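Can you read through this structure? Questions will come right after.
To keep things simple, chains are lettered A, B and C as they appear, and every chain counts its residues starting from 1.
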Amino acid sequence: MKNTIDPYLKPVRESYRTRVSRLGKAGIFVAFIVVCVALSLITPRFLTVPNLMIIVTQVSINALLAFGVTFVIITGGIDLSLGSMVAVTGVVAALFARSETYPVVVPILAGLLSGLLFGAFNGFVITRSKVPPFIVTLGTMTIGRGLALILSKGRPISNLSDSFNFIGGGQLLGVPMPIIILVVLFAVCSVILRKTVLGRYMYAVGGNEQAAKASGIQINNVKMAVYTMSGLLAALAGIVLTSRITTGQPNAGAGFELDAIAAAIIGGTSTSGGTGTMAGTLIGALLIGVISNGLDLLNVSSYYQQVVMGVIIIGAVVLDSVNQK
Amino acid sequence: MPFDRDYVLTIRGLTKTFSGVKALDNVELTVRQGEVHALMGENGAGKSTLMKILIGLLTADSGEILLDGHELKNGDVNEAMKRGIAMIHQEIMAVPELTVAQNIFLGRETTGSLFGWLNDNHLNQQAKQLLDQMGISIRPDTRMKYLSVAEMQMVEIAKAISNDARVIIMDEPTSALSDKEVATLFGIIRDLKQKGVAIIYISHKMDEIFTIADTITVLRDGQYIGTRPAADLDIDRLIAMMVGRELGSLFPESSIRKGNEVLSVRRISRTGAFSDVSFSVHEGEVLGIAGLMGAGRTEVARAIFGLDRISSGEIRIKGQPVVIRSPQDAIQYGIGYVSEDRKGWGFVPRLSVKQNITLASLPNHTKGGLLQEKSETDVATKMIADLRIKTASPDQHVLYLSGGNQQKVVIGKVLLASPDVIILDEPTRGIDIGAKAEIYKLINQLKASGIAIIMISSELPEILGLSDRILVLTKGKQAAMLSKEEATQETIMAYAMQY
Amino acid sequence: MKSTFLTVLTTVLVLTGCNQSDSTQASQGDGGKKLVVGATMLSMQNEFIVNVNDEMAKQAEDAGVELITVDAERSALKQVEQVESFIAQKVDAIIMNPCEVEASSPAVAKALAAKIPIINVNSETSTKPSAFVGSDDVESARIAMKFIADKLGGKGNIVMMHGYMGQAAQIKREQGAREILKQYPGLKLIAHQTAEWDRAKAMDLMENWIQSYGSGVNAVFAHNDEMGMGAVKALTDAGLKNKVIVVSIDAIPDALQAVQKGTLDATVFQNAEQQGSKAIEAAVKLAKGQAVEKETLIPFQLVTKDNVAQFMKKPE
């Protein structure tokens, strides 16, 4: 009778569940604060304005990708092509940013457009076929990597214009541009998620696709929208990255999707869909950034860094599964 | 209470507290050998907590459980199983890839050979003997996944019997069974009684209780209310014990005059599901659709709502022929649908009550592209009050509501899209009697407000009590259209069992 | 870049079975047929490897040899399979740019067993091939670190950026660097960390080091130019570039430009062209049954502002 436990444990009492769930949501914020306090006690170099600026700048690319994938995961999907989209869009932008021949909006728009098309392609295949998003984006991940290599002919594209390099390397009123972009996009994505019909529909589709359908929601449109937005945000990340390292790299962004998905999950987005917040994802990305920065400051071997990161991801998922029950 | 040889199970003074709330308060239960003992109570009355303690999944705070006069160790699943307590679940928990025989003997495979090799032939023989004894014709080497829900249940019971179960708990065993399968189940239950096995039977279906139960124990709000022979009770008195008050008549007379035709379908068919179904429904009218499981009732509803396509025929809204390709289309045409499968097609568990209620009419609550929280809250609060949804707040997740209240949330959502016709598919399935009464009241209110209602139900009293006309389907075909006056349980069943 | 497409085109033609095109001045094997050389390269995403391969394609064309290039995509397993398929196609010689020291070794053994000459280019395998053409990675790091030592007068704090940990190039470059560090007790390695050959990661790492050590760092040694460029960018942004020496290896075009501008202090030139052409030369000779050197080591050259001009390619 061992296998009988599940259905009978389901009706746990409300108060207990809400408490655990609240704890889970607060958990990530608490963890973040604890890590920050710990680091500032261990090393005086951590809690300085320049270091914090650097952390946020470094986090910005992963955070942009994580925002996109948060939309996708909330609808119950996944996007593994993020890293490849970073490469493709970065290379496209770099191709148009090579000299001062075009004004800086041209490479930006070209990059964004390529991301939009790429994301829309993901959405199109996912909604028109019965193939799960995991498989579709696994395929487009490879396609994207190939496209980036074709477009760049396998070589980095450098000598980009100064105005383009300003996007990732410049400062506005002493604040690095990537931070400004991050803050703006955080606000925009939060509003989309919390304050628009589309955002609500994302939760509905991920929470119960059938009920969403029976409520008259056009499931396919919602999915198209999230994958396209994921593509756009990946393009923005690609542009910032390319501009920051002042080269379009066809092999850039490899593995970025995993960091982005990790940020979303650490931030409380449930892999089974239907829950998640942009604030959580931002904290998730910041936590990853802070830990990686802190371990660098402490000169911890990168071997251990990987172990630490893995432990954190598993911890977050365990917390998530506690929430699910 | 003196020890009585007849009592196989005696529970006394059982109390269980969850975070300060008493789920069970000094509850008792005594079950005789060879009797069917119905355990009744509304959702939250403590039935499942009591059963979980009995099978050892939970530990009671105080009280004692005696099985055959000997104390049963508290909170020990294995002990309970060894001592002969078995439970047949609402959701069957079999291993789908294993065979019937393998499932029956799962965890205690006898080898039938010296060397301990598993011998499927041996298992199959044993299983066949067992199934034959029960009069069930299922091949023991069939994989579990190919069985119907009813057959799986039979296998679960066989498993319990093979375990020498003295007490078998059945929790809503008929919720997914057809009438014929219910009859078979009841046959098996009677056999078990003969053999002296005691059955604790939990069900919301009153007619079943009075058909099968010998004794009835009622719990309410964690309290023991009383135990009576079934023969001493009738439905009204039982309900009074369960809810603690008289509900009045479940089906109040309504004298609404029907208005114009809202929806009509002509000879609609869907290959493999139903064919040549025609009916119409008017403002302020309830059209009941009756029929056995698999008669095509839900399929008709899904097709009208655009979840499936019809292969031929015509749907008219207010006299105009329309083509419905999707639920969006249906909602546009003023059709609302409350699915039989509340969890599957009804609500989004992790959205709040408010967010679920506004889900189908969300664009009405935007200004400049942004959602207006206040407008949503206002509308939801009103709906919560109108439908008397019991929730801590509009921001409570629907997941945490009771079945009846979840159902009301779904109805509220459908109503907010201001439909002219609502299709209610098994609107009271799995919800307790008090909530049922409220749903009935609500249906009559909707009717009074001039909405056309199509109600699909397997519960004949419900169909008879609420419908103005009754469409009977059988095997995907239209068997009869009965007026309120013509319809009785007998006529409906006669048509439903036709062919 | 046209040559890459030519390579691809040739590959396609060969694979679709267009073996009948006997050109007039082509090198002839014993059977009188045009010689076919199969090449499996570590990764065609790596600029240096692409350069080696471009030169191989050019030389092959000049020599009238058909060159089939395949990309092992950094997988030794794939590489072994590719060599197996070359053996099955009965090519006249195989050039392998090994993915891994140990794991790519079976490919060498299989080719030798099939009596097909196999030439390792750029890096080694534990099983000795018919011939090796390449450079000694340890030497490149010695050259780079020696330059730093000279510049700092044998005294100062150094940070090192590793390539992908555990790869042959990373191991050897670290080994070379440490050899020199031992000779100069005044040089202190204050931190070392991997940036996985990646420019963006190197930039992040350098930024974090700047936070840690401020201007306490005197020199950066990066295992490749990509990472060196990332370090340069971070240092420039922090306004520290003129105080910190950055040296890396490979001499990719970006790095050469940076050396010319003076932002990157030095890089080490590994001669892709010579590796490519010598590899083809060895392959053709071995296919015809002629003797070749067992090991052809192409020397590294230090590139600084003084001699950078001679390494700059004419714009394509």
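Note that in this section a residue touches a chain if its C-beta (ideal position, glycine included) is under 8 Å from a C-beta of that chain, and two chains touch if they have at least 3 such contacts.
This is a predicted model, so every value here is computed, not measured.
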Centroid comparison with subunit C (C-alpha atoms), farthest chain: B
Two chains sharing the most C-beta contacts: A-B
Rounded Å distance between subunit A and subunit C, as computed from the means of their C-alpha atoms: 34
Whole-Å gap separating subunit B and subunit C, where each centre is the average of the chain's CA atoms: 70
Whole-Å gap between the CA centroids of subunit A and subunit B: 42
Subunit B-facing residues of subunit A, complex: 1-9, 11, 13-18, 191, 194-197, 199-201, 203-204, 207-208, 210-218, 274-275
In the complex, subunit A residues that touch subunit C: 43, 45, 48, 50-51, 54, 57-58, 61, 149, 153-156, 158-159, 169, 241, 244-247, 249-252, 292-293, 296-297, 299, 301-303
Subunit C - residues contacting subunit A, complex: 1, 4, 44-45, 47, 50, 165, 191, 193-194, 198-200, 203-205, 207-209, 211-212, 226, 229-230, 233, 237, 252-254, 257
Contact footprint of subunit A on subunit B as seen in their complex: 18-19, 21, 23, 48, 51-52, 55, 57, 77-78, 80-81, 86-87, 89-91, 93, 95, 107, 305, 307, 326-328, 330-331, 337, 339, 341, 343-351, 355, 359-360, 362-363, 366, 369-371, 400, 413, 417
